[in-house]
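Multiple structures are listed underneath, in structure tokens.
In the two assemblies presented below, subunit A is common to both, partnered first by subunit B and then by subunit C.
The block that comes next holds the complex of A and B.
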């Protein structure tokens, strides 16, 4: 096995995504020549932000060896909470309370997922698929039909460019900064160890169940923040608004160079993955292709990512036999 | 700091099977105790009890004279007792340094891992084995890319980084080359001077004679005794491991009287897989060829390769025809049958009925739609032949006792009347009574002319049943035993004593 190649991909899992991003941006620019104008660019970036935050949480779960199919409906649920709590007349204190309640709801949902997966030892995919319907139900219960209006100061803040830089860049930088900090702690080491080889980690004394639990709680919290960003972006509420975000959040992580089986990867790549997905979405809409192609592309990326290691092994095996 | 550990009258049962009947072990600062025993004698169980991986059912463990219980490996580690295992506890995607310090990383401000310090200490540890590994073994190399010997070094350094007072080396030298072993032994001499206590589990007699001060011998789950190495011989230790005058199932005489069997059924030339290093063998019709040796020396690979379940190179002739199976189905079509060792996972569909399990490989015969009555009749015949104790053929296999379940595993292949039967340690976890019936079945099959290739981790079975036994070690045949030479002493010596030094 090629050690240098392994070493580089382990330490910089986002390099592949970066290359892909350049290609996708090139195609997008060809189809949409005004892409890099300030107005278009920051409009695009605002649309990417909720998925970016959501993907950061998904990436943590996947690196820890799990998968969360309920993050999308968690976004719907927190969105429903925020728009029913906050009205145009809300005071600052009320808004702060609403955000705190939303964040707690996300963490509770994540905690429930985590308890099922780590302590009841249920299969993560089936468990979170099932719990996703609980959170979708809660969203519909709180907000039976779309509605609600955010105070304009809040939506204006979301569109602002603090210090001349779009808000999204600030948030992305913050996420990466937090990740770099986290990766350097014992928590980061444990997370990779649990995702990489849970039995070996257990034998070494890593608190495996607690680690798994915590990754789902983080994903729940990130889903709540994603819901906040989405609510500010649209200015209104919809009990199904986040449901379709689950698949893209997984695809973005995979595009970012994180293996679906866990134990390796990073946040920076996952965020680039979100931008790639958004760019592909732009390309599809500007190339006059029906929009359902987007879902087809998302699904294909996952299938290829899942099959790639097996295919590589098969090819290697064939070669050694000859 | 001085340390002493003493395990006294330790008992461990797994279900009905007694893995350890009376385990005793004493070791103290500044000595190396070698731990010896044949397959299944309870060495690993006792090591696991001492390091807190497994909890004992009875008996006491004294550390520095105080009774202790280790509910987990962590409590043992905190008490200064740690082990280097064969099954590696490393995380392939993490680097050498990350693996060594996982769980006890030096921290900065109590939060961030101090990378510089980790690197410095890892380099210091690696320096202990300087010159015996490739340049690619660096603190930041991912462990998954390292060859087995270097992984083993990392495993040893990981245990050492905990600064243990008592270290158990469980087959830690098995994948090391000569230079690395020499270096390890120099280090062990040094650790002894620093009051560390060392338990050395190895199958290599020459290494035990070189490094150990004392040897403790286990046999059938009991500690038989201890000898000071300087006052004993290899011969004496091997004899201690073998039960004198032990009753073995003697089916062999009855067989030998019937004269030489007929044509060659299976012939293998220069068989190589990732484990096997060129195996030659032939099996005749009506012959029971045993495969012996320590566990995991390539025996399973040999059977799987013949069955077409793993890729291999080499020449295989079946009934005079050259064959190269790439899928088990091809082997099945040539009337080859494989009985796996892991009954619950590979041999049976536990929740399905006895009938379904019997007929799983043979449904094809019964057309479309399935002629269920004729399938049932055939299954009943086989079940009766095997005197299978059952409620009905529709009862789930999980309702059967271990021995009866094993009959179903073999019975499903008998329905296809195989002419070559491959058995992968088939009596593991089967009770004594059922074993006897199974032996009778094997004898019957070979009388009917079935060629049988039989791997067993139980030396007595090989001695009692087989015409010839090939002993495997490191993927090579190291001894061919038959007739006069097929004795317990020869078998144990072939697997342990006469091993060549591992080449570099």
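The block that comes next holds the complex of A and C.
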């Protein structure tokens, strides 16, 4: 048997994603030679950042054995809160309050999801699908039509490069650092245990319901931060701006080597997954793919990428049988 | 009848959902005078029929277990409708060939989903999600944004207009689909094996069920039924647009769950899904009739869905 191969892929679930990323970036660089110039690079990274933050939260929920279909509408909701609260004349204190309110709204929404899933024991997919309507409704109630304008200092800050490194790299590094720290703690071990075998975890004294609840709260908080990044990036508000981000966040987690069944995976891979999705988009637009073909090519590449680990497993099994 | 039998009958999910639908209908009549009349009832059953037919395949996929879910049905509904729209082009004699082409396309997409899930081991959720993107892509490539064609007159006669007494054709077709689904699930080897696979794949395999084949067949059927749904929807709307089927995707899953089919697989019925489709359609019609602003409508819909799902969507407690 391929024990070493299995061991390495299990311990470092992001390795495959890293390989894909290198290939994707290579193709992108070939088509767009100025890709690694700082201006182009940080422009790209700014676009990826909101989905990266959102995906980090989705990954936590999935590793804990759940799924959250409401994260996108949470982004819309917090975006609506931020743009109605912050105006061009807002002072620093007002802005800080608005961000705190937005973060609390995200965590409350996550708490509600978590209570339904862990204490009422409702099935995650349908529950978060149902709650996504509630958050979409709240977003529309707060901000009936697109509008609002962020102060230019804030949008400028979002485009800044502290210490010469794009802001997004700092955020991604912070997310990975937090994850590496969290993974080793009791919380991290409990989370994997709950995601892998909830009954066994319960039998050995892990507070299963509390753990599940906490993963949804984290996802809600991450959705709020994703909304903040998105609001600073666009500089304006739209009550449906985040709705389409839910499904990509799940695809990115799976591309990054985290299993949907839970109990395994990581944040680094999920973030790589987001960059892969974005790079595929880049490649398509620079490869002069005709407009009508773009969706098809994009989706086909994603399916091939999703299928690749399974195909490798299939081929290896066949080889060992021979 | 013993009280335990009566209790079991009342708690039988399809019946409970049907009762709920009837209560909702009369509540609608109280809240909004003029809501509860025969025409409105027929209209609601007709709208529910489209969702019900689309949710038939979803029911099979969810019963098959293994986190089975089909997120490509929305895109397949659109594709099916567009294929028929283009081939028929207003000509009655082309309806049957068009239906054949539409079902074949749906089956092919379902087969690909099934292969991805069984042979390669991609989780159904992301496999069908990716496939939805591919189908959307195919639609864009083929149509290039220009939707040429037209429905045949016979389609609206047979589907959306009153056919027998006041009953529209699609309702009769829906009842037929219901009978066929019941027969398939309860009276065929495939049905028995499908439930076995849904309960436990390993035991099913060990008792001689060819598990991958059953899963493959199930996804193929789901694609076909979604395409049939597209055909029906076209007969009702008479026109197509690029995201025609999207609004049926998640309601098709909700209808299955409200009808008492367990998302974990292995238990459920199509009668339940039919009742679930009625309940969901009633709720959306009622909310529309109340003329609430969209924001309130979405919030109320979310809360109602949550309450409905909490009746059957509850999972086993860890202590049990």
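In this text, the second predicted complex is superposed on the first by the 285 of 322 C-alpha atoms of A that agree within 3 Å, B and C clash if a C-alpha of one lies under 4 Å from a C-alpha of the other, contacts with A are read in each partner's own complex, and residues count from 1 in each chain.
Please note the rule applied: contacts are C-beta pairs under 8 Å (C-beta built on N, C-alpha and C of every residue); 3 or more make two chains touch, one makes a residue touch a chain.
Just so it is clear, the model here is predicted, and its values are computed rather than measured.
Of the two partner chains placed by the overlay, only subunit B lies in contact with A:264; subunit C stays clear of it. Among subunit B and subunit C, the chain that touches a larger number of residues in subunit A is C. In the superposed model, A:228 lies in contact with neither subunit B nor subunit C. Contact with neither subunit B nor subunit C is seen for A:51 once the two complexes are overlaid on the shared chain.
In the superposition on chain A, A:303 makes contact with subunit C only, while subunit B stays out of contact range. In the superposition on chain A, contact is made by A:200 with subunit B only, not with subunit C. Look at A:250: by the touch rule set out above, it reaches subunit C but stays clear of subunit B. In the superposition on chain A, A:134 makes contact with subunit C only, not with subunit B. Residues 53, 72-74, 77, 85, 88-95, 98, 102-103, 105, 107, 111-113, 115, 136, 140-142, 144-145, 158, 311, 313 of subunit B are the ones that touch subunit A when the two sit in their complex.
Residues of subunit C touching subunit A in their complex: 67, 69, 116, 119-123, 125-127, 129-134, 136-138, 140-141, 144-145, 250, 253-254, 257, 263-264, 293-303, 305-306, 309-310, 313-319.
Residues 67, 116, 120-123, 125-127, 129-141, 144, 198-199, 202, 208-209, 247, 250-251, 254, 259-261, 292-300, 302-303, 306-307, 310-311, 313-314 of subunit A are the ones touching subunit C in the complex. Those residues of subunit A that touch subunit B in the complex are listed here as 1-3, 6-7, 10, 181, 184-186, 188-190, 192-193, 196-197, 200-201, 203-206, 263-264, 317, 320-321.
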